[in-house]
Amino acid sequence: MPPIADSILILLLLMNFFILGTANLRAAIRAVALQGLLLSLLPLFVESTLTFRLVALVGATALIKGMVIPALLLKALRDVHIRHEVEPYLGFVPSLFLCGVGTALALLFADSLPLAPAERASLFVPASLATLLAGFLVLTTRRKAISQVTGYLVLENGIYVFGLLLYQAMVVEVGVLLDLLVGIFIMGIVLNHIQREFSSVDTERLSRLRE
Amino acid sequence: MMAVYLIVIPLLGALAAFLVPADRVRPWIVAAAAAMHTALTLVIVRMRGKDVYDSSWLRLDSLGRLVLLVISILFLICAAYCVGYLHVRANRPNRIFCTALLGFLGMTTLVTLAQHLTILWVAMEATTLATAVLLYFNQNRRSLEATWKYLMIGSVGIALALLGTLFLAYGALLGLGEPTLLFPDLVRRATRLPVPWVRTAFVFLLVGYGTKMGLAPMHTWKPDAYGEAPGVVGALLAGGLTTSAFLALLRIYRIVDAAGQGRFARELLLFFGLLSMAVAAALMIGQRDFKRLLAYSSIEHMGILVLGIGIGGAGIFAALLHVINNAFTKGVLFLAAGNIHRAFKSKRLEDVTGALRRVPLSAGLFVAGFFAITGSPPFGPFFSELGVLIAAIGSHRYIVGALYLLLLALVFIGMGATVLAVVLGVPPDDPAGSAFRDSASKTIPILAALGLVLMMGIWIPAPLSALLHAAARFLGGS
Amino acid sequence: MSATLVLAGIVLCAISGLPALAHRRAMLLAAPLIIAGAIAGLAGCALGLFAAPAIVNFPWPVPGGAFQVRLDALSAFFAAPVFLLAGAGGLYAERYWPATRGGAASVRMFFGIMTAALVLMIAAANTILFVVTWEIVAVTAFLLVATEHELPETRRAAWIYLVSSHVATLALFAVVVLMHAATGTWTFAPIPSSSARAVLWLALIAFGIKAGLMPFHIWLPGAHASAPSHVSAVMSGVVIKMGIYGLVRVLSLIDGAPSSFGVTLLLAGIASSIFGVAFALAQHDLKRLLAYHSIENIGIIVTGLGIGLVAQSHNMPSIALLGYAGALLHVWNHSLFKSLLFLSGGAAIHAVHTREMDRMGGLARRMPATAAAFLAGAAAITGLPPLNGFISEWLLYLAGFAAITRPAAAAPVLLLILVVPALALTGALALACFVKAFGTVFLGVPRSEVVAHAHEVPPSMRAAMAPLLFACVFIGLAPAAVAPLLGRALQIAAPRVAGAANLTDLLQPIQTAAVIVAGVCAIAVVLLLAATRGARRAVTWDCGYNEPTARMQYTSSSFARGLVAFFGWAMPAEVHGPRAFELFPGAAKFESHVPDTVLERALLPSLSRGERLLGYARAIQSGRVQLYLLYVVLTLLALLAWSAQ
Amino acid sequence: MNVLAQLLLVLLASPLVLGVINRTKARVAGRRGQPLLQAYFDLLKLLRKRTVLSTTTTWVFLAGPAVAVVVPILASLLVPLAGPRAPVAFTGDLILFIYLFALARFLTTTAALDTGSAFEGMGAAREVTFAALAEPALFFGMLALARISGSLSLSSMLTVGGAGWHRASAALVLVIASWFIVLLAENSRLPFDDPNTHLELTMIHEVMVLDHSGPAFGLILYGSALKLFVFSSLVARLLLPRGGSPLIDAAALLAVVLLIAIVIGLVESGMARLRLVRIPQLLITATLAAGFAAVLVLR
């Protein structure tokens, strides 16, 4: 396992912290996009032989995770002209702290799992779990609907990291990406409707249905 | 080759529905596609999976046949209802709605056929997206909120399911040397899968698909979604979507069981089963909104399903039987509730009383559905719900049995109070009273569903019970 | 043969109401069909009481189910009154609930189905079939109670009934499943003593609720008061006997039931007989009064069963026989006189459109036949000779007295002695209660206009009461003739004591005595009537007060006041209205009402408290999607932790 | 033969009891008092009078008196008045005995309500109320006797005679005491009811029969006399030893009954009516006494 992969993964983790730490929504989206691009590069360092499949996968990933989806989000952000503060329920410091705790837990839990000799040293499993948790943190502590979508993307990225461990089996990875794309697309549409109906994407407004 | 048509027909129908310009025509397309689908399903099920298209990725095993049968028939009923319903709601454009309906059918069918974990996952995700569209039919704030919540929670759930799938694949990679995700392989060689990965994978898949099923505490999207969607969508979700999610869970359970972790899995299922029933009961009592009430009832019955599996043995047969009963009974309840909702332009007890006076047939069906779902003979659910109890006592789980009965009683109280408040008494005289009344097109489908529920309680067709037994054996039950 | 006839009866009853759905005219078919069914069924039961058990089997493709009907003497014994009441009720309903009245069709349909399912349940040999029919009866009964659901009071009563009966059904599930686990079959097979205890206690809940045994009686008064009268008659007469039948059937499967269970039955029976009648005394609604008397009589029946069990487990077969025989005979008697009372009382209510006794009065002059029927029913339920109620109570008294004559008996047996004073008190209170009921409803002068213009009910309704009246008198005058039937049923119910004594010989002298008493009293009355024919009529003397008004009459409430106050510690009364002490009090309104202590003061308050607690659970569904996602992740982490260990 | 003897005894002797009571009271009060046979004269007078019926009444109104008079006669056939065995005796006849009087009470109270008069309703209400409290006492006594005699037929229960007195004297005393109270209550004598007053609201039996007149009223008077006789003969029979020849027996019994009548007379002149609220307490005392007797014989 080349060290580059691990360094990329470390970058990925730092991105999590940045996303949780930044107060600016646009910056957060950009960070997610960057995560996507980094992920798209990963396969190149996992696989030695350069096949068409590899290229296709890298391309598709870069395209969807790195460009299309962020673009969609940024567009949505522009459409729903709102202040770009994140306005979290949970302050930045506590969320960063929790993210750290989550990363630590991820490392511990990953050690408890048996790994193939190749990956025993690598950061794939912990990184994926940590990113997953970071995504959850964004999802559960952020107020704006858009920032929740970003959280969802972070979560997806985490899963994608793990997916790379099974590169051989990832024939359907493209299908997965497609689903993701459609999902975000629909979320975008709904976001628009929300904007039109409530003239805000603050989820506070979206808590009418309750007991 | 035929099984593929089961997927192709709805998708073509969806395409047609999308292209056809006229709002009046589309419902008929849906109905037609549904009819063809059901016909083909019956043929294939009668063939007992012989010489149907059979690849390593798509195959129709006994379990799949069972679920396919249920979903197909339920969808036919709902499609038939849609014809009348969309006629009433002519003011709404239904292009997207009809397209999504058929897309939903196609994807759930794919779920029943999938023998490959990732295909299964893709199909589930697709159904999630299709339903999201269906939920938004009413296009008002409330439905928007419901859709958003459903989308967020559902997507997260499905994402976790994906990770679980990947874990399993990695386990296969470690244990079997190749990352196979084909159920037969995994089951056949399950003993060689590394235990930690199996357990972790099961946890993720349970939470993921459990979210789709609506097991507490991942059930939170249900009341909103069912409350705000049209009754027919509620019926499809409660009878179709949840069922296919349950099927996915069963397939996973089969692997985990084969991997020697059955006890671990069953413990978790028992826990979630009882918890779901408890949460549902707690929120049903004093419920003022009869559509949300049905949502909680659906949560409760998901609980009963996994409880049956969790008990194992005879419980598995009971659970599978309950899949059928629950699906059709939910059809009755949601469609009838939809009619009452239309007739009163409200779904809250403050405005809805004396439905028997305004829409006698629908109200009567609503009550019948209530008695059916709470396990009163001569309706089908009686046998499946009793079956779960029999299994619990038979396996000396007396505490579980006692809790089960207690929760059933609470649920009955909660549900009954609301249902009777809706149905009995004298309707309020509202000057702007809705023009909606019972009509053949909107009650005959419900009658059909009730007929099926009744049949399940009086005379279970021999081939069906054979299929049930086969599926139960397939899952290692009796 | 017997089973075939019974099945024919069942089918006829079941379909009797269906034509009504098709067309209003077809409603006329209901009465003939159900009467035909009743006759066929009664014939079948008559044969079944003596023939060997007849078994009928149909395939029934459901899990565990087999459509297996087995008509043995016990089943026939319990089924006979069902058919009788079904016929009488059907005939009665013809005019009581005419086609023009709302819900006429559904009343006929559900009435037919209920009675048919009831018989099927009694004859079921397969426990699944038993449960299914049991629940069908419960649901149809609920639908019948809810017939007049426009009235809030009716809705409330129906709801309470539905919940109680569903709890009973769930308990029955447990019973049946435990029996299955113990015996491995879905038939009524002998239960090994290892699991007998669990089965018995669960059975006590299931059947106790159904029978309305205190303290499970909460649903009974309301439901019986709100239902149409012929339905009340059947519910009170036979539906609540489902509980007794179930108890007897299950007990017959257990060899040597624990004495403690017998003692429980005994005490519960005594309690519900005494308090049942006490509450009845406090009622001013005629049908609620009758309903509470059902609780009393169920209590008497259960007491009998308790005697039987205790005596049997301390091998005193002859006493056990008296207990069982008294209980079973009282099952018949109660169905007869209670339905007679509901039909005649219902006729009175039908004529005056109120259930408030204190608004009635003087109906005896306007509807003499109904009054006579009610009087006979009242005398019978009070246990007066020479009517049927006396015979069954006489048997139970005898058991109590026999127990004390036994030298050095065990403690539980001494408890049997309690039966005597308990029955004495119950009987005396029942007498007070029915003097009050008959007096305020039928005697004196009308207390309101509508009552003054009441008319006798049509012949068909009176005809419906005739067979019941006849049966009451017949059993009262010829108990020895009934003894063999009783014996046959006992051989199934309690085979070990059935032969302990010869009932016929036992009942012979009391039969003779009853005949003499009846004859002498009749002659005396007739002679006096003849002697005073054409006597001068004058206004009631009333100590010279020559302006008596209807309002001055003693009301039912004031009549019972003394005894109600005597039981005030158990049933506090709610009294509204001023106490007028000043010299010239102005117009004032006074009303008193005695709520059911168990329901109104214990159960409902605690339930509402529980509901308030559940209210906190609603916080789960707070509407915040972030919170919902938090549930998901927390669940995930918890499960991961669990799976890792 | 035995039957006829008993019937004659009961039918002829019972009004005499009333006479004896009244004479005793008069003597205690220092008056000469009415002739001993006054009751007979009253009955004859009433039988000759015409009946007046209330316009509201039905046949029930007359069924009351009719049954009230035949019931004590029938009941008396179950009591061994002359000789060790009653004309009619079978297992469980004691229950019939008590329930016969219940039948009478049922019809007399209904008859009272038939008039629609407030007074008579009140009387009926009190009658049934106090009877409900008196019944258990009677039955507890019967239980004790059943235990002592080991039999379930009045004939042998009431004739436990000397043997019984040896074995369970205390119990018998209690039974007799409690039954004497019951006797006073059942026959509406002081301290429960005052047979002399007629316009007081404090009465039970008398106020029930306000509207009866002529022969019917006569029957009521006669009926209550019979009832008093039968009840006192119950107590009397317990006091007497197990008899031999019918004639001596009957004579002895009559003597004791008249003795009891004198006691009643003394009681009535000795004490005033109890307040209504006190009456239950007295009856419960009687019940407890009888119950205690039953407990005594059990050990």
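Couple of notes before you dig in:
Chains here go by letter, A, B, C and D, matching the order in which they are written, and residues are numbered from 1 within each.
Methods note: contacts are C-beta pairs under 8 Å (C-beta built on N, C-alpha and C of every residue); 3 or more make two chains touch, one makes a residue touch a chain.
Model, not experiment: these values are computed from the prediction.
Between A-C and B-C, more contacting C-beta pairs join the chains of B-C.
Mean C-alpha position of chain A lies 101 Å from that of chain D. Chain centres here are Cα averages; for chain A and chain C they lie 69 Å apart.
Each chain gets a centre from the mean of its Cα atoms; for chain B and chain D, those two points are 78 Å apart. Centre-to-centre separation of chain B and chain C, using mean CA positions: 43 Å. Among all residues of chain B, those that touch two or more other chains are 148-149, 152, 156, 196, 200, 223, 283. Under the contact definition stated at the top, the residues of chain C that touch 2 or more other chains are 618, 620-621, 625, 627, 629, 640, 644. Residues of chain A in contact with at least two other chains: 112, 136, 139, 148, 206-209, 211. All chain pairs that count as touching, in label order, are A-B, A-C, B-C, C-D. Against chain D, in their complex, chain C makes its touches with residues 361-362, 364-365, 368, 371, 375, 379, 382-385, 390, 394, 397-398, 400-402, 404-405, 414, 417, 420-421, 424-425, 427-429, 431-432, 434-436, 438-440, 443-445, 506, 509-510, 513, 516-517, 520-521, 524-525, 527-529, 531-532, 535-543, 548, 550, 552-554, 558-563, 566. Residues 60-65, 131-132, 135-136, 139, 146, 149-150, 152, 155, 158-159, 162-163, 166-167, 169-171, 173-174, 177-178, 180-181, 611, 614-615, 617-618, 620-621, 625, 627-629, 631-632, 635-636, 639-640, 642-644 of chain C touch chain B in their complex. Residues 118-119, 121-122, 125-126, 128-129, 132-133, 136, 139-142, 144-149, 151-152, 155-156, 159, 162-163, 166-167, 169-170, 173-174, 178-181, 194, 196-197, 200, 223-224, 227-228, 283 of chain B are the ones that touch chain A when the two sit in their complex. Within the complex formed with chain A, the residues of chain C that make contact are 618, 620-627, 629-630, 633, 640, 644. Residue ranges of chain A in contact with chain C, taken from their complex: 89, 109, 112, 133, 136, 139-143, 148, 203, 206-211.
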